[in-house]
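Going in written order, the chains are labelled A, B, C and D, and every chain counts its residues from 1.
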Amino acid sequence: MENSKKRLRQRLYRIIFESDTYTGRMFDVWLLIFIVLSIAVVMLESMPVVREIYHSKLISLEWFFTFIFTIEYFTRIYCAPNRKKYLFSFLGVIDFLAIIPTYIAFTFPDAQTFIVIRAIRLLRVYRILKLYHFVRAGNLLLLAVRRSLRKIFIFMMFILILVVMLGSIMYVVEDGKNGFYSIPLSIYWAVITLTTVGYGDIVPVTALGKFLATFIMLLGYSIIAIPTGIVSVEMSRTFKDTTESDKECHGCGEPNHTPTANFCRICGARLDQIS
Amino acid sequence: MENSKKRLRQRLYRIIFESDTYTGRMFDVWLLIFIVLSIAVVMLESMPVVREIYHSKLISLEWFFTFIFTIEYFTRIYCAPNRKKYLFSFLGVIDFLAIIPTYIAFTFPDAQTFIVIRAIRLLRVYRILKLYHFVRAGNLLLLAVRRSLRKIFIFMMFILILVVMLGSIMYVVEDGKNGFYSIPLSIYWAVITLTTVGYGDIVPVTALGKFLATFIMLLGYSIIAIPTGIVSVEMSRTFKDTTESDKECHGCGEPNHTPTANFCRICGARLDQIS
Amino acid sequence: MENSKKRLRQRLYRIIFESDTYTGRMFDVWLLIFIVLSIAVVMLESMPVVREIYHSKLISLEWFFTFIFTIEYFTRIYCAPNRKKYLFSFLGVIDFLAIIPTYIAFTFPDAQTFIVIRAIRLLRVYRILKLYHFVRAGNLLLLAVRRSLRKIFIFMMFILILVVMLGSIMYVVEDGKNGFYSIPLSIYWAVITLTTVGYGDIVPVTALGKFLATFIMLLGYSIIAIPTGIVSVEMSRTFKDTTESDKECHGCGEPNHTPTANFCRICGARLDQIS
Amino acid sequence: MENSKKRLRQRLYRIIFESDTYTGRMFDVWLLIFIVLSIAVVMLESMPVVREIYHSKLISLEWFFTFIFTIEYFTRIYCAPNRKKYLFSFLGVIDFLAIIPTYIAFTFPDAQTFIVIRAIRLLRVYRILKLYHFVRAGNLLLLAVRRSLRKIFIFMMFILILVVMLGSIMYVVEDGKNGFYSIPLSIYWAVITLTTVGYGDIVPVTALGKFLATFIMLLGYSIIAIPTGIVSVEMSRTFKDTTESDKECHGCGEPNHTPTANFCRICGARLDQIS
């Protein structure tokens, strides 16, 4: 009895959490289709023209998808080897957040919109693809971005201070008129300008305001180079680290050598070409 | 008889498909002029002011160009050594798509606009230029872009999920008003903001909406660095691969030499050209 | 007496200028909280809705913060080992500029807004963080930016000349109408277009104007690459300089080793740490 | 007589064309001031508010500057060692174009605006600076840009074809309404969107149009990486070429060696460190 339960859990685990079996892969494909469809339903529901005609049908569909995802969620909990670990893992939390809005929508109708959090579940697509090169490319990207985060964070701190200063100056220059009604609004304008978004909903009107705006634009044009530079360099480093490992030391196993190395930089043994 | 036919095909082939003879080059130049003119005709035809006065003349010209391109197309089929290969090659399909709209326009007048597909035929300009450096630069660019595609694709997947989430949040925040009438429209806004296009046709109006928009803009400002970083690194690698690795030292095996090197910079042995 | 005074100064110095003691860190944390709150007060004061109701309360709060910062400023002067050096240091000047607007606002009410100069004081956050990696990342960024400045400056000179030319041409093309009322306004438009901000407050209306605008946009699209390229290269160099050149081989003099290398990759000799 | 004329020419040459004497440097400084002032006069003249009041005074000033520049131009011709070379050099042509508009303005008043061509003369600022590092940085930038030109040109060809296609599709999708009145206008819109300028003067209105616009924006967001990548790589190469020349071969004088080189890659002689 205990044994058959254990075997059931193991089989379910292979189907739901892995994708190396035919059933497992089919499960993932259908899950993705259901995720996409359930997001489509929320989008359609939000469109006034569609809602007017198909409201009740869309609500039914939504309950159907939420029902399926709820079953899936509890099955995942059931068959996870380490339940606590799954429940508090990134994907586990997303799985939970993806079903909760429909239930909460009874009391807070707005909550329903947050079903789109299901979009994050699309990340599971990687499991189906399981193409070595895609996974590796994704990991490299992530690694490079993570390596850049500290520098980007410092840069963003600087941008925030800059934007507060520029917004305040423009608030004084435009004298609280022409859309620059308060400092927060002027900061909003400064961000729009510095990031080169340029909605045009707030625009300097005075001559001095336009003159300053010109400088802010040129400044934004120059500093947009900084995050790009940071990411480029970190990517270059990350990719290099991983591509140059075509030599391996026989002495210590160290795989990370530059192409011009003759000797292992760790143990000093002579290197031989592998590739 | 058979022989003269074969010789005719060969002569036509050299004129139409190649450009190493004077006649061949002249053929290409005139073809390009005709392509540019026929695109100009379609553009003029689309301008209300011009159409009113010159409608019939423009239609005649269009038929004239289509007639010429049709003859050219059949001549290409006639003299191609491997007809099937030509018909289903990229340029062969474009040649076909470039003449078909005029004929279809009898039944679907809108189809006529798609004559602009002829613009793709301008790619043939490379054949005239046939400048070694241009072709090589083009190939390097293409190779670098192709190498980046996988990473760009993963990045785009991430952007799509992000944009769906951000659009939905803004739909809730702006309460389905002020242009954020539905989730798809809010996603459209999120793309406009994240890519720093910033039309300004949809703009947040509530304080919270503007606050969130500020963060989305700064986010867009940071992640625009990622595709640039990807392409920069792949280009750097591609260009390096092609300029450095064509020599190898027999003495020490060092493969990393500049193109003008005669001697190995590590052991001093004489280098021989490989490529 | 003299001795106890000296000890007091030293103790105050450790609290205010350093952050290696518990009291010192607490001081910094509270200072930052006060800076953020005082900026928030100025922002709230600038919002018409808030000002109407809470005007007198906000003014009181502002005086409270200015009072605290004034005390802090004089204490800093008191306990600084080299007073002149502190007074004319970057942070010393900012400390002064951060308290002066409130006092000046008696005669020039607009000056009050410049209290936001306090935002620059947020730079002190680094002292709390005092995380080695953050400080190092910040320094590297600064160094790379400083190294790029000369090239960015030359580039900006070129952009200024370009923008004056393009603005003047558009002024003639649009005949001083449709927002292009003067050359300075047309230059303002040229900057908006070239930097891809694109407010849309001034937009070409004539066919020729739109045609030229198309070229200016494509030009801007191409030259945005230049500052990015400059910064990327300088960052790449700066980061490389600091990670690679701290070891040198005694055997062959090779200076280019990765930080984890123990043996020279050229001649195989053991490497000693220099730095 | 002849001799004194020759000496006068030589002295004038040193003053006007060079800046290694005090008089020569003063001449350059004043010339730049006059250029800036004369551009300011044209700008002021174009502003309706200013023109109304100071029209006659500004015209007088303009004639004054044109008079001075005319004298300067003829003196340059007089003392140039090779007159023909100067007349047809880049700066010589600019010097001519900078004085001609005022004279032509008698018959074509619009020509007057082109006095701003004088802005190009600001390039002479380099002569005053004559700071080695600035000139070198400028030359490096120019070299990198020139090296990128071929690839940028190919990229722009591709963008042009893309923009013609996208514009035509949007013209059909938006059915020649909502600002997409003709194919050229739709191409204008496509450029605005692809370059992320986003004026917002033409904006898709239909659902399908907005859907397509979303893709075009994401496409533009991706391909903006290509020119940046090209320039980054070429800059990286250009700067590397020029910084790595701190070793020089005693055998053949070749200065261009990588930092890891032990032997000259041209003649095979052992390299010694210089720096």
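The rule we apply is simple: a residue touches a chain if its C-beta (ideal position, glycine included) is under 8 Å from a C-beta of that chain, and two chains touch if they have at least 3 such contacts.
The model shown is predicted, which means the values in this text are computed figures rather than measured ones.
The pair A-C is the one among A-D, B-C or A-C whose contacts match those of C-D for more than half of the residue pairs. Two copies of one sequence, chain A and chain D, touch each other mainly through matching residues, since over half of the numbers at the interface are common to both. Distance between Cα centroids is largest for the pairing of chain B with C.
Note: centroid distance chain A to chain D, computed from Cα atoms, is 41 Å. Each chain gets a centre from the mean of its Cα atoms; for chain A and chain B, those two points are 29 Å apart. Shown for chain B are the residues that touch two or more other chains, namely 184, 196-200, 224, 228-230, 232, 236, 266. Per the touch definition, chain C reaches chain D in the complex via residues 150-151, 154-155, 157, 161, 164-165, 168, 171-172, 176, 181-184, 193, 196-200, 203, 207, 210-211, 213-214, 217-218, 220-222, 224-226, 228-230, 232-233, 236-237, 252-256, 266. Taken in their complex, chain D has these residues touching chain A: 196-200, 228, 232, 260. Across the interface of their complex, chain C is touched by residues 39, 42-43, 46-48, 110, 113-114, 116-117, 119-120, 122-123, 125, 133-134, 137-138, 140-141, 144-145, 148, 152, 156, 159, 184-185, 187-188, 191-192, 194-201, 224, 227-232, 234-236, 239, 259-260, 262, 273 of chain D.
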